[in-house]
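By written order: A, B, C, D and E. Residues from 1 in each chain.
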């Protein structure tokens, strides 16, 4: 009995090995139909030996990959996947999880370096999701107009880079970026202005909170009506969406400096400007970045929604809505992939800047954000 | 500095809290005054009132012959808070330079002063560190350096040596005395330690709580020049005993026990 | 009292600007209408009144919106299909269900992330990525897909609403459950407390303020989710459907009325969560 | 009773008066049918709904249905109540468009989401590029109202005779200040609202029988609606879950729709079908001539 | 309790930090041991190692003849942290009851113990208050009560009286001595105050930093029975002087100055 496995890991190992054993038995009647699958089942069954022999976690990783490969290689061209192949899906998923569990444990124990391997884990998770998606859509022959397989989406992606790029430029470069910048800067400036006057603050904050709860979907058609079809109306929606989170967060942030820190400034008879620049804005940094991060995902969603309500015939939202109408669902998913990649990258960039600028905050010093 | 029948009340939900009541005290220029008293007796509050961080609700208070507000606007004092209150986004050096920046010192002058005051509190070599990279005692010393970096006539220090161990404390005590002797500053100093109060002060103000008031003002008979071993002289012990008695008298704790 | 005055002032200012804007924005069309009807030299006051009373204005005037809200709520039976109260209720039920799903999912994920290294490392980036997927784009397909597996009506809407609202809860709860300081955890270690005890006696109570802060964001987002879902699921009505049909028919007054009801609903929901927070705080002895 | 679900192409309105009236008047019950009518909307693709099993019968335009057929959703037309197209393009006089030759350089509003095919087929026929190149037109994805024309954002906009055109009339536009391009009159019409089902269900005689009864009852509904336009409009308003339908507008719509529907003959006219298919192929909307994309089995059985 | 050639190193980005090195120490049952030394010399780290909150990187450590881990699982000790670490959502009463809940005491027993220990630290009447309604010193006393509420043989106290003023401190010192005399617990006590260490202990461990090591172990010759005024006896002052010398010797600070 290996002592290096935790309870969860043990269960996963049993599931993986058990599915291998069952799968092996179930493939015997059709032996030779899917040789790769047979090999996978055999090795998975062998992995049960870990209970008596040491079994490196790298082997688990290799098995997860082998399982994924075997599954995809033996997917039927059409019709349903043989029933026992689903066992392979469960087994390779369990191997992947087990691998990740043990990898994380190894990193924690300091046996592996944090950088690099830390990135592998989310990647594996994503890959596992994609493999499951591929196998389920194709194995259960889900209609491509309901959910296309990732491979089909990737093919479409590769074939339509021109369209995707044009849409990306229209939506992201022309609408999201200007809207985001204007909305955030305006939110910040108004927050600073409001902060000076308690009267304005008392008046605007409840309304700001009210507005930030406003469903933007409703604003989108109005903005299209006001600012026309092109990117201006989309940017306007983005401004409206990003303004209030920034306002609310910055006002909270400007109050984040502690009394004693402020008293210190007051003992120096520092001017309002000096207090703002040297104390309150730096102290508000984490709050401002919080808003910047929230807004980075909101902005993209806002622009895309706005494009549902009228556009020139280009843009991610346009392509998505017409794509659904034309049942070009693979193109729709390709656009969604672009949106997700762009959005994550945007978020990542902001998070990196945050690490640099608010290096002093405990949440950053402490490690992961 | 002069306070007459000073009172300060904090409004609170369930009845007001009287933090100071009928405080009469005169502090002359160049004096070293220690405040001692049980927790919550209003020492911090009194210092804050001098610094114009709280407004007295009754009585009058003048600092250098002006209102506390004008004194503050004149940048007449340096304040060392009970907590270090360093800005985490600034290095130690930049933290010490903060008041200098605000008061518009030139950058060469600034660098020179920072160097000098950091050396004084024995933090040379830590200029580029951030506050969270220092131990609590070092942070406290940095905050003392910050208050010393500009030449205020009046120093308000609220338990500045609370977080330090005895040896460092002794060292800083004698440094502070030297500084005081050299610069003729007026110093108001809050402490919980009787020997520290006696060792440093020309005048010891004993306070008692609920409501905060001055129960005793002891003028030290010790000479201005004080080696560390003055603390074993009978004169010293006598003053210390008097302070302890004053403290015990005002101490509500004894009654409870 | 001293909170009401500033709010009122700002509100009045907004309404004044709004009236002015609706004159300005509706004027070109009104001029065209008047030209077409051969009305020359309409006096200014009358012209202003005209711009405030258009049938399908670019920007309806405040009293038009207020009138529509009145007509569509108080003046109607709440069970009438024309009543915004009726549609508000439909949206509200999807919102509440979605919020319940979202909060539970968020808390569960946060607990998994806290207690398991592997899920901590693998989940968080993907949870963030999930929010960059434009849900509005996925919603129609999701509705059809759920339909294919037999889920119709409230549940698909609630799931979309959940998709949006679980995010702030995960983020907040991960922060909250990690908020106890090392020393507080060490304390429990000296008692040799089980992870279960540590969770209930320390992590959970410590996370309460974070939970409520996230729930306030979450419930507002839930509402947005429910409305987005209704754009793709018009059967049965709801505020989203009202917005949609208003937009389809160019009935701006109807859009604005639905929008205000939605925002009002959001405000009420946030206030309810705030109220709950207040009560829990009182029980937990948080300083007023 | 046989239960069937009908997915409409759009929100509940008099465009679908026949079905709504048949349901409300109990014509479906008389045929021993239990019909659920699902409203559509701008984000709902009926072709996708039926592919996902969310509906048995959908109301769709032929261009979209044929395109979906190629995308792997085997739709078959079982009846074609709408004989003519209600689609028009209108240009206010200010836009200075009086004939097709004026189009180049103009901005035209078009509906997408499967409604764009007739427009592109038309432009294709006229040889006007739509991809933004020299001498072509700029295409806008238009909202489903006449705001783009009122706002001057587009020179010409798409309207349905029975819906947005009415909004234009209400807004003070009319034949005297509009240039109207009627797709039917130009011979550019593609078949609109038809009834489509999944191909595999047609091999089940019981299903075919249910469809037959459905079409028969629906046509009775249409007949009733045309005979009693006031009552039909009221029924539409009553059956609208959203409460957004307005009686006057629905009344207008019933009137206009009646010009497009032939309640006595739901059968698909093969000549129009051929023309539609040809237009679609010319425009490369579909690549191959569809096989078995319609059946007369149902309409034959209704007689 | 026995430590032999104990070492503990914290891995850090720029070179490891050696917090303890080659510590040899034996503490017998029933002793009262004080640890004294400059800030950062590893006092807290040593206590944490005993409490199994840190793992030594070299050497051996046994507590009650078992490994620290088993001792912890046996709930063999109560720990008073340098900070009060009360849970803000629990009343004082509930805070003190926390270890009892976790260890599964019955509710009547719990109430009785809470009452008794709160009375001991003089907090009766504050049962229903929340921590923030108490002054820093009262919070610290509550945390002492929490460690006393269950009957651990070993008490680990990390500067428990740091935040208190002299009078309260004196009182609690004598209470602690009484408790110790009565219950025969073993107590490990960290302090910065030399008089306190001398007054309380049977054994004083002087530590010095970089790396943390034991420089002197002074066995007190004072009787077990100690009135407060024992602090003025020559015997007391002599031990205190010895401690001060040990402290100064190990103090890196002196070298720098």
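One rule holds for everything that comes next: contacts are C-beta pairs under 8 Å (C-beta built on N, C-alpha and C of every residue); 3 or more make two chains touch, one makes a residue touch a chain.
The model shown is predicted, which means the values in this text are computed figures rather than measured ones.
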Joint neighbours of chain C and chain B, given as chain labels: A, E
Chain pair whose interface holds the most contacting C-beta pairs: A-C
Remotest chain, chain A as reference, centres from CA atoms: B
Relative to chain E, chain with the most remote C-alpha centre: D
Euclidean distance of C-alpha centroids - chain A vs chain E, Å: 48
Cα-centroid distance, chain B relative to chain E, in whole angstrom: 30
Intercentroid distance (Cα basis), chain D paired with chain B, Å: 85
Whole-Å gap between the CA centroids of chain C and chain D: 35
Per-residue multi-chain contacts in chain C, two or more chains: 58, 140-141, 144-145, 148, 231, 247
Two or more partner chains touched - positions in chain E: none
Chain D, residues touching no fewer than two other chains: 42-43, 45, 48, 51-52, 143, 147, 151
Every chain pair in contact, whichever chains are involved: A-B, A-C, A-D, B-E, C-D, C-E
Residue numbers on chain C that touch chain A, as the complex places them: 2-3, 6-11, 14, 25, 58-59, 116-118, 120-126, 128-129, 131-138, 140-141, 144-145, 148, 175, 220, 223-224, 227-228, 231, 239-240, 243, 247, 252, 255-256, 258-259, 262-263, 266-267, 270
Residues of chain A that touch chain B when the two form their complex: 258, 260-261, 263-270, 274, 278-279, 282-283, 285, 358-362, 365
Parts of chain D lying in touch with chain C, wherever the complex brings them together: 11, 38-45, 48-49, 51-54, 143-147, 150-151, 167, 170-172, 177, 240-244, 246, 249
Residue numbers on chain B that touch chain E, as the complex places them: 37-40, 122, 135-137, 164-168, 171, 192-194, 244, 247-248, 251, 253-254, 256-257
Touching residues on chain C, where the partner in the complex is chain D: 29, 32-33, 36-37, 55-56, 58, 80-83, 86-87, 139-141, 143-145, 147-148, 152, 231-237, 241-242, 244-251, 254
